[in-house]
Amino acid sequence: MAATHTVSAFDAELNALKTKVLRMGGIAEANVAAAVQAVMRRDKALAERTITSDQRIDVFDSEISELVTRLLALRQPMAIDLRFIVGTLKIATDLERIGDYAKNIAKRTTAIGTAVPTQPMHAIPRMGEMVLSMVKDVLDALSNEDVEKAVAVRDRDAILDELYNSVFRELLTYMMEDPRTITGCTHLLFIAKNLERIGDHATNMAEAVYYIVTGNRMYNDRPKADVTAEITDPSQIA
Amino acid sequence: MTTLDFTTHTVPLDGKAKISAKNVNLWYGEKQALHNINLEVGENQVTALIGPSGCGKSTFLRCLNRMNDTITSCRIQGDIRIDGDDIYAQALDVVHLRARVGMVFQKPNPFPKSIFENVAYGPRLHGLAESKDHMEHIVKSSLERAGLWKEVSDRLQSPGTGLSGGQQQRLCIARAIAVSPEVILMDEPCSALDPIATAKIEELIDELRENFTIAIVTHSMQQAARVSQRTAFFHLGVLVENGPTEGIFTNPVDKRTQDYVTGRFG
Amino acid sequence: MTDVAGKFTVEPFSASAEKRERFNRLLKKRYAAEARFKMWGIVAVSVAVVFLVLLLGSILLQGASAFSTTKVELELYLDPAVIDPQGTKDPQTIASADYNQILRASMSKLFPEVQGRRERRDMMSLLSSGAAYEVAGHVRDNPDLIGQTIRFEVLTDDLVDMLRKGYIERNVPEADRKLNDFQLGIYDKLVATGALGGAFNTELITTGDSREPENAGLWGAVVGSFLTLVVTLGIAFPLGVMAAVYLEEFAPKNRITDMIEVNINNLAAVPSIVFGLLGLAVFLNFFGMPRSAPVVGGLVLALQALPIIIIASRAAIKAVPPSIREAALGMGASPLQTVMHHTLPLSMPGMLTGAILGMAHALGETAPLLMIGMVAFIVDIPSGFSSPATVLPVQIYLWADSPERAFVEKTSAAIIVLLLFLISMNAIAIYLRKKFERKW
């Protein structure tokens, strides 16, 4: 958005909106990182802090909706402004969901217990890092109007899905072998699922950024690699 | 002064063109007001002409029914056809053309005559009514189509200038459609009206689209977005961008269009 | 005061006492200027009103008395032997009889003591020299009265009228007086018997000009003015309107039309006597039209009124909003239809105003008419456009030039009639304008 608006207040409001979204994204990112860490270390205090921190995200979310509503009503934005405003509203919703997933992960810190197989446990931080880099990149893409970065984020989601699939199969195998691990494994499964969902939201955000910058949709048939919805029979697991 | 950027981005019309203008150049004296305009107006569509003040929207609109003939300093070059007929051909009669291409002006300009006489003026001029009853029928149906009948049916003999601004503008629309033109040109028809009167006229334009082809100049981008199917953006006498309205307002191709629709003009 | 960026900043005036002070000073100056302006305006209007009142007042005061005249009621024995000795009842014979003899007989009966030739002549000269014609006319119209004795009011001489109105001083020496002591005596006796008194001066309104002030009337001039103006209006208005419409709506804008425009404006400023000379040279000498005729006067005045009407009409056409023209053209009306349906009806009130202004100008015009002979002494009421006539302002000029005392008040009376004529013309103009304006 190179040239400035004739009405300078409009520029100021758009900037405020962008700042808010980026700050909200920063908090969501930090919460995801903290939640993963809390789970890995069974750090109850960190988990508590992460859970309370989610409230800040919710506050941002409602502030952003308000700002967007006001901008739509007062400025009647067109073209890139319209796309930016509508896009940020979507991004804020995605970030809010990401925050919720982080909170959900943090909540499982105590429930997960100690009877968890260590092998699949290692996959969680890997997934977490991956998700974090996606969220970070998508926020950078938004900040710099960087379409390529957004496309890259979308492409990485496929890898994340692969990762989730393997974790899913692994946990399923453990639970079948030793029913005592079921509680812990279920929690782990949920955590993995949450991380996978965060990746999906990051992808949504990447699509929003793409639309904001180019005005076109990223092709609708994005690669879908999560096949677990189709698995019914454990024997299918190779 | 920087040189003009003459590029035009056109998304081709996918229906039938009612009016097609090719390579239209226009001068007022020495000053060129239109530069090589190529624009098609789709049949039974509303085409909005937008652009900053003085960019030549009205000038282009007035080319389409040769209202510019009345300006002595005005010189026009190029080819404008309505249903394939060259409107600047020697053989074509201006009176006939204006019966086919009606016009509604920016400021409501009813004649200082009765409401009835205002609407009956065109049909009388072109001998469209066969009898007194027929004329009454034409007047009534035109007022009905313009959405004014209910408000004025009991005072057809009172002066048209005694109506409110919005009513006057609808009276002017009724007057224009009374001769059943094929095309209606509207030059900022709502610029003097309140939002409710504007909404009524926009609703009317949408209804008229079924039977008429409409070209409308407007300064309100929201209005252009609401009523038109296609939008043409003019800048400094150049047609910059022309395509489906949605595209112009959500994802314009040209930087000048983008700057104009988002309010970034210097 | 400048800030860092070098831009001027303006502090509110209430910021400092010094600023407030300056502001108040400016405010006071402004109020004072406005008050002065208003005062001068009132002074100007008052002066104009005073002059108008003085002018109208003096004319009314001087002219009002001319609307009454002095008559004496006599007992007339319509002696058949004098009027119609053969008893033919022929109107010609009756009219040409010697009614002075009858008047003399009547006066002698009133004043049997007057015997001398000179004294009788003096006594009879108190009656108007037109008195015999009055009686003649009355008897011709009523031949049955012959042989009877009737009571009949005849006009007195203008000197008697002047005496009654107090314009002749009684106490100057007899030699310096127009009426001698004997005549005064007769007058007093007539007043004492109640036979002599004032009456409304119908002659002033109904008759033509005359050398005798008591018989002189304005009707000839009024009819002359009317006929002249009809010709002027009939020629100047259509021509003026057509010229204006053509120049405004159809003429191309080029050097020729520019020149025509300049010349029309100049024509409006040409002294009127020039138009008279033109009329003399062209209409009388070249075309051989009759002298003193309303048709020629009308033509000359039409020439003079034309530029005024053209200018006013063009202004009226310019005042028609262009949006109306565009609307009509946009509906497919031709330029001529646009003019006939819209421009002309809408500008008609303004054109009428211009026309009436031009007419009022023409009505008051004297100089050009002098050149074409309308200054001749004409007794008859003009019967048509080519019969000799005079007009009101010329009549005023003629009367103002006459030596008799009685013409002084007649002059003022004529001016009053002229003003009434003007006022009624303006009233018609206003009526027409209102009518056209209301017409949808």
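Of note:
Each chain gets a letter, A, B and C, in the order it is written, and its residues are counted from 1.
Note that a contact is a pair of C-beta atoms (placed from the backbone, for glycine too) under 8 Å apart; a residue touches a chain by one contact, two chains touch by 3 or more.
Source: prediction; values computed, not measured.
Of all chains, the one whose mean C-alpha position sits at the greatest distance from that of chain C is A.
Relative to the whole-protein C-alpha centroid, the nearest chain centroid is that of B. Among the chain pairings, B-C comes first (most C-beta pairs in contact). Chain centres here are Cα averages; for chain B and chain C they lie 58 Å apart.
Rounded to whole angstrom units, the spacing between the C-alpha centres of chain A and chain C is 102.
Computed from the mean C-alpha positions, the centre of chain A lies at a distance of 50 Å from the centre of chain B. Counting partners per residue, chain C has no residue that reaches two or more other chains. Partner chain B is touched in their complex by these residues of chain A: 3-7, 10, 75-83, 214-216.
The touching residues of chain C, when paired with chain B in their complex, are 252-253, 321, 323-324, 326-334, 337, 341-342, 346, 440.
If you check the complex, the residues on chain B that touch chain A are 221-222, 225, 249-252, 257-259, 261-266. Chain contact summary for the complex, chain B toward chain C: residues 65, 67, 70, 72, 94-99, 102-103, 105, 107, 109-114, 117, 121-122, 125-126, 159, 172, 175-176, 179.
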